[in-house]
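Following this line, the structures themselves.
Next come two complexes, and both contain chain A; in the first it sits with chain B, in the second with chain C.
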Partner chain A sequence: MGSPVNRDDIARLATDFYSLLESFKQTPFYHLIFEIFLILTVLWLVCFRKPRPIAKKLTEKEKQELIDEWQPEPLVPPVDTNHPALNVRVLDGIVGKTIEIDGRKSLNFATFNFLNFVGNQRIADKAIQAVQKYGVGSCGPRGFYGTIDIHLELEERLARFFNFEEGIIYSYGFSTIASIIPAYSKRNDILFVDEGIHYAIQKGVEASRSTVKWFRHNDINDLERLLAEQDKHDKKNPKKASTIRRFLIIEGLYMNYGDICPLPRMVELKYKYKYRIFMDESVSFGTIGQTGRGVTEYHNVDRQKIDLISSTLEYSVGSIGGFAVGSSFVIDHQRLSAQGYCFSASLPPLLAAAAIEALNIMDEENSLLFETLMDKSKRLHKKLLDIKGYRVLGEDISPLKHLSLANSLNTIGRLEYIVEFAQTRDITITIARYLNDEHHLPEPSIRLILNVEMTDEELEFLCTVLQEALVKVTA
Partner chain B sequence: MNVGIAQGERNPNSSWLNSRGVWLTYIILVFVLHFILLSIPYITTSVAWTLTTTIHNICNYYIFHVVKGAPWETSDQGLARRFTFWEQIDNGIQWTGTRKFLQIVPVVLFFIASFYTQYDKTHFIINLATMLLAVVPKFPIFYGVRLFDINRY
Partner chain C sequence: MAKNSPKQKNKSYSNIGFNTPVPEHPSLNEVYEDTPFSEAFWTYLNYVILNIFGWFRDLLRNARIENRKGSAENNPPGFVPLYQSYESFYTRNVYQRIADCFNRPIGSVPGGTLDLLERVTDDYNWSFNFTGDKVKTINLGSYNYLGFANNSGQIAENVINSIKTSGVSAASAAQECGTLTQHRKLESLLAEFLGTEDAIAFGMGFATNALNIPTLVGKGCLILSDELNHTSLVLGSRLSGAVIKVYKHNDMIHLEKLLRDYIVSGQPRTHRPWRKILIIVEGVYSMEGSLCKLPELIELKKKYKAFLYLDEAHSIGAMGSRGRGVVDYWKCDVNDVDILMGTFTKSFAAAGGYIAGKKELIDHIRIASHAQTYAVSMSPPVVEQVISVLNLLIDENEEHEGRQKINQLAWNTHYFRQRLTKMGFIVYGHPHSPVVPALLYSPSKIAAFNREMLKRGVAVVTVGFPATPLVLGRVRFCLSASHTKEMLDEVLKHAEEVGDLLNMRKSKLNPKRPFHETEL
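What follows is the complex of A and B.
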């Protein structure tokens, strides 16, 4: 029990309150105005009611009038007959070296069929045998009764091809790299990414939620600058820096530009600034290098220094799916962490069989197939430069080239005209299409893909047609 | 609260503040906080009121505008996951009773605090700052707005 409250205490309370009321009379002017404004706002808020729209009452006659004059909308609204959905071009048969569109055969320079394995009879036979042995589907993800011996065989073959410890396959090329990156790089990690990477890698980088540092396409000086900045930042807080993982995401041969990354310098910087290299060799696997082993062979870099090489089986191998190869320690992590591996059905065995047979072909005829491809690419490059009017983007040994017109002439409209003209002369080429949310939209261009079985005459014909198209479009 | 069943509330966060007695409990809690602060010996009345408004406004800001999603497994398929508590109230309908009440409470606290601090300038600035912190994010034009991408995901 405290001391009894006596009259003095009450008097003191009263004077406290009285003094408060006195100070109310001496409020600063701004405060008073502000409080009045607030009181008015509160009163307005309390009384405010969102106005409800008043429905107008209609008489019977007006209602009948509205009913009488109503016309139903046509089930199919009138549409321009030139709408692309009404003028669909129909493909027939295999999309191999030649492609049959609307009944006319034309040479195919549009699809990523570098080694012409699409339509290869040997591969098709092996795939048919696999269907007879295993059936059509694999009926499950890899972790739940979907692993078949042919998957393990393919993984082992791929690892052996690259001389790595282990390989892992995915059932869809796009989701390969898009699942791999988020499996290793998480929210507080840092990714150093080239600006010119293709869309699947961009999605993987976005899904990882990591901090992304973009450097200009193939500009090693820009990369060094970013690395030096990050290094300076790390030195201020070494404890935090030791918990951050760093990755460099590059492509071997860039799909959007056709040029090869400067790998040796990147590997040097790897040991200086301590990051891991993830290389996506979708386009360079099976096309670059003496034996088709990609950019590491081309640059003569020790492959074990690259932490992970990923690619799709959809371009040169002519199957479906994707894969990644690396050391066991690196690849094994994906078996539980990669979304595209754990939560998708596994590759149908017939496609795995096709991929194994394609690898067999690549392994046996290795000196001729890839050398021929690089040779033809060089020759095509020279021929395209001889046309003088096109800008040819891409390395000379790259079978993927980007053609565009000079400077201000380069519009999609003109390129589409060139493509249509080429189609009338039985050459199928295509414009490289991109989505609206690409990080760095490249210039419009025609993406030319060289098939290894194109003869010299066919290449000459291509260049003749391109020359004629150029004349017509710049006239 | 029936969550995740067919006839249940889709996101209980939208309606629990409309329940019986919640407004009164809210006001009582503010006063309980104030009495706790008053019972600390070296804090004068004016400092106690400023502290009450400050703590109330900061907690208000944090709970209504920083924390996102709902603490239940809701059956709205993650619609509310990116929305703050304030945006979830009444499923986003503006100018409802609860919203008006929650907008008025910091203002009224500001009046009381100004009165008890005898309109002192420092206290005025502190109270004004925290009142703005609590009231401005509640304006309807800020529905769904994330300034500088803070707190976006």
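What follows is the complex of A and C.
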């Protein structure tokens, strides 16, 4: 039996209840409404809302069915056996001023042998000496006993040639610029890139994952427009802008077009808009300028204003590999961050020795070789324009020219015909090969390359053959 | 070449080398001992101290109390700084202290012995000067597995002839005017050596991966890549635009789980089925010394209809009783591997890379490869070196040089690994791989081991972060067929000394024993 409920308890309860009612009356009106609303919401959620369907998990059987059903594409797409890449000319012997195909000799206007160093006796002798001292391979990357004293010598010579503080060499021309750009430019940075750049540079730009702003080929006004736009954008958020690096990626002499970049104006804009210039001088090294030092010499621009010049040892120098020169501040970074340098075996010493000897020859010749080359290029240019019927792309002093037919006549088929015809007359020329995923695929063209040792008669002969081919192909 | 000729030193030991220790049933036995707690502790402490000193020194440099070493920007102020200061923190304060252990210039053939150019530093590794002397050392750092790095002999003669007849370069892309008869010869020999239908060669091993993976896979494809894959494979995968998923090193169960999950779920967001699935593995992993589990991989690949890309950079020539790589070692069918890739830098002592497989694959690569279209073709003397080595390796005669070298390497590997392990070092990797990593753990030991061994006339490669995980710094011995038993014994004795100095021989599985007790 519990304690009896006496009058006091009931009275107390009543007072509590009464005070509760009183407090209700005293609360603000909105508070009451709010509480009622909440209670109604809870009631609605509990009673009336439809339950969301739970995501169906696949059963093991269904998963196995999906796995069994899945069919991949074939590893490679069907191959066209008539593709020119599967039917290339196979050469024999030294690919110098003349080449030998199936026993016949023909004049070579197709390979990047600007200074005719391929097959040069002095260079071959030095390469042989290097094999007798070091063997062939370097058997290691630069960091792990792959640095041979001949590499250090080559780097120093290249830096001295360009009058820069330091140089760095790579073992493959394609990988040079493709490794350099990602070493400096990261995800948040901006690259201003000319549309007509070479594929290797495009790969470098892609690998960097930076924001890319393309400007029309050699169009300085378009570049200015892009720079001004970016500047306006920066002024809105100056704090963020101070963490974004900017680079201008250009070539000295464009491989795909044969024309020279407007460097002086680009250097002016550099100081106005505060970007760094990385110039790729693969084609212009050893071909343009009084002493072959490239576009900076040609335009008479202070070379120290360019942050980095990259180039290749595969064209005028006639060896294999690539290099970059610049101030120590810029170049030294690549020794730990450029992938193609750190994670790849170093250049075989015989190729480094060949490059050093080529530089020696270039130094000895000083200006004679290069002036001759520019002179002959000018004459060839004039002769080609005289043929009338070809479009000739490229500067007149450029030893690399692009030849194409006028307008709608310009198809790969016709150009192939011209190349084949020229071969029957013992002139070797080639169509410039591109892959379809180029950013800005150039028009089909024949890439004509002038060897400095070509005589006037040989140039005349070339033009005669081209004239005949033109007549045949437009008939 | 008579077996018992007293002319060359290693000839008298090659008799032992002919008992090839590669058993009929290849071993699956790889042992990775756990990191001892004390080592982990001291290593972390090491990094903490380095960091503290680093901050302190950076403070001094910023306050101009200490001279800022290294070069400075030559652009006027207003340009965004070229490097983030924290990126170079590690370089300035950790790497720079031990920079004398890396980038050592050599002045000779990178063979069994090496001539290092002696260099001294006045300012704590910021700059070096050459004294002009050369230090002769035993070379355990170069990738010269079969010992073909020579500057004399028949192969060198062939190379010299090739320079005379074909020059040093063709200066043109392979699709334009750069294909020479030697390139075709190399490719057909390579196909014969590997047992595939066709092969194609390139001028740089790194570029072979980076420029050709994008031609095989693209958007809408899946790449399953091993955790420890080389940078070139990672770069190639990234450039291709495919979705990349990483599985734990050599973990076939994880790989199968990923395969099942991703085939079922399809492409991200759209859930469309994948166009292709490519599994990328390496034959021998150069930092771990481990082998890929090829039979299981082939089984998985067949079960799930994926394609297999095998990068044999370190294993071609070095593994297998016939020197044909891991496929030969595991006795698998070479047609089961879709894409065989390798390099000529290591066992062939040349430069370059190759891809081998079915004819349609190679034809497609000839048409679509970045290297074939834009890059200059391989240098003829280098091609000649590879052709000469291939001719020796294809020759199955046990008396001839090719087989001798393969067997010598196998014997050296077996001998060195056994003795090193018995001496108490913690050694990683597969018992038959010629890459022998022994653990050092802390960055200071990395530097100390390197310098002490150099004092004793042995050139080794020691690596730390970021090439390896933070705590697992190691020394990596690369064995070669040009090492004689005496050279290996000398190295082991020195390693024993230095190991005691640095307190390295802490294996629990193989408690340390002195050198003379570990005779085989």
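Everything that follows uses one rule, which is that the second predicted complex is superposed on the first by the 386 of 475 C-alpha atoms of A that agree within 3 Å, B and C clash if a C-alpha of one lies under 4 Å from a C-alpha of the other, contacts with A are read in each partner's own complex, and residues count from 1 in each chain.
The rule is short, and it goes like this: a contact is a pair of C-beta atoms (placed from the backbone, for glycine too) under 8 Å apart; a residue touches a chain by one contact, two chains touch by 3 or more.
None of these values were measured; they are calculated from a predicted model.
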Of the partners chain B and chain C, which touch A:66 in the superposed model: first, second, both, neither?
-> second
Using the touch definition from the top, say if A:285 reaches chain B (first), chain C (second), both or neither.
-> neither
Between chain B (first) and chain C (second), which, if any, makes contact with A:27: first, second, both or neither?
-> first
Can A:319 be said to touch chain B (first), chain C (second), both, or neither?
-> second
Answer with first, second, both or neither: which of chain B and chain C does A:90 touch in the superposed model?
-> second
Tell me which partner A:435 touches in the superposition: chain B (first), chain C (second), both or neither.
-> second
Is the number of chain A residues in contact higher for chain B or for chain C?
-> C
Using the superposition on A, tell me which residues of chain A are in contact with chain B and, in the other complex, with chain C.
-> none
Chain A partner, complex, touching residues on chain C are 70-76, 78-83, 91, 95, 102-111, 114, 116-117, 139, 141-144, 149-152, 156, 159-160, 163-181, 184, 203-207, 210-211, 216, 230-232, 235, 238-239, 260, 263-264, 273-277, 304-307, 338-339, 343-346, 348-351, 360-361, 363-364, 366-368, 370-376, 379, 381-382, 385, 459, 461
Any idea which chain A residues touch chain C in the complex?
-> 58, 63, 66-67, 70-73, 75-81, 83-86, 88-96, 99, 108, 110-113, 118-119, 123-124, 127-128, 131-140, 142-149, 151-152, 165, 171-175, 178, 184, 198-200, 203, 206-207, 242-246, 271, 274, 276, 304, 307, 314-315, 318-320, 327-330, 332-333, 335-336, 339-340, 342-345, 347-348, 350-351, 354, 428, 430-435
Which residues of chain B touch chain A in the complex?
-> 45, 94-95, 100, 103-104, 107-108, 110-111, 114-116, 118-119, 121, 124, 128, 153
Residues of chain A touching chain B in their complex?
-> 16, 19-20, 23-24, 26-28, 31, 34-35, 38-39, 41-42, 45-46, 48-50, 209
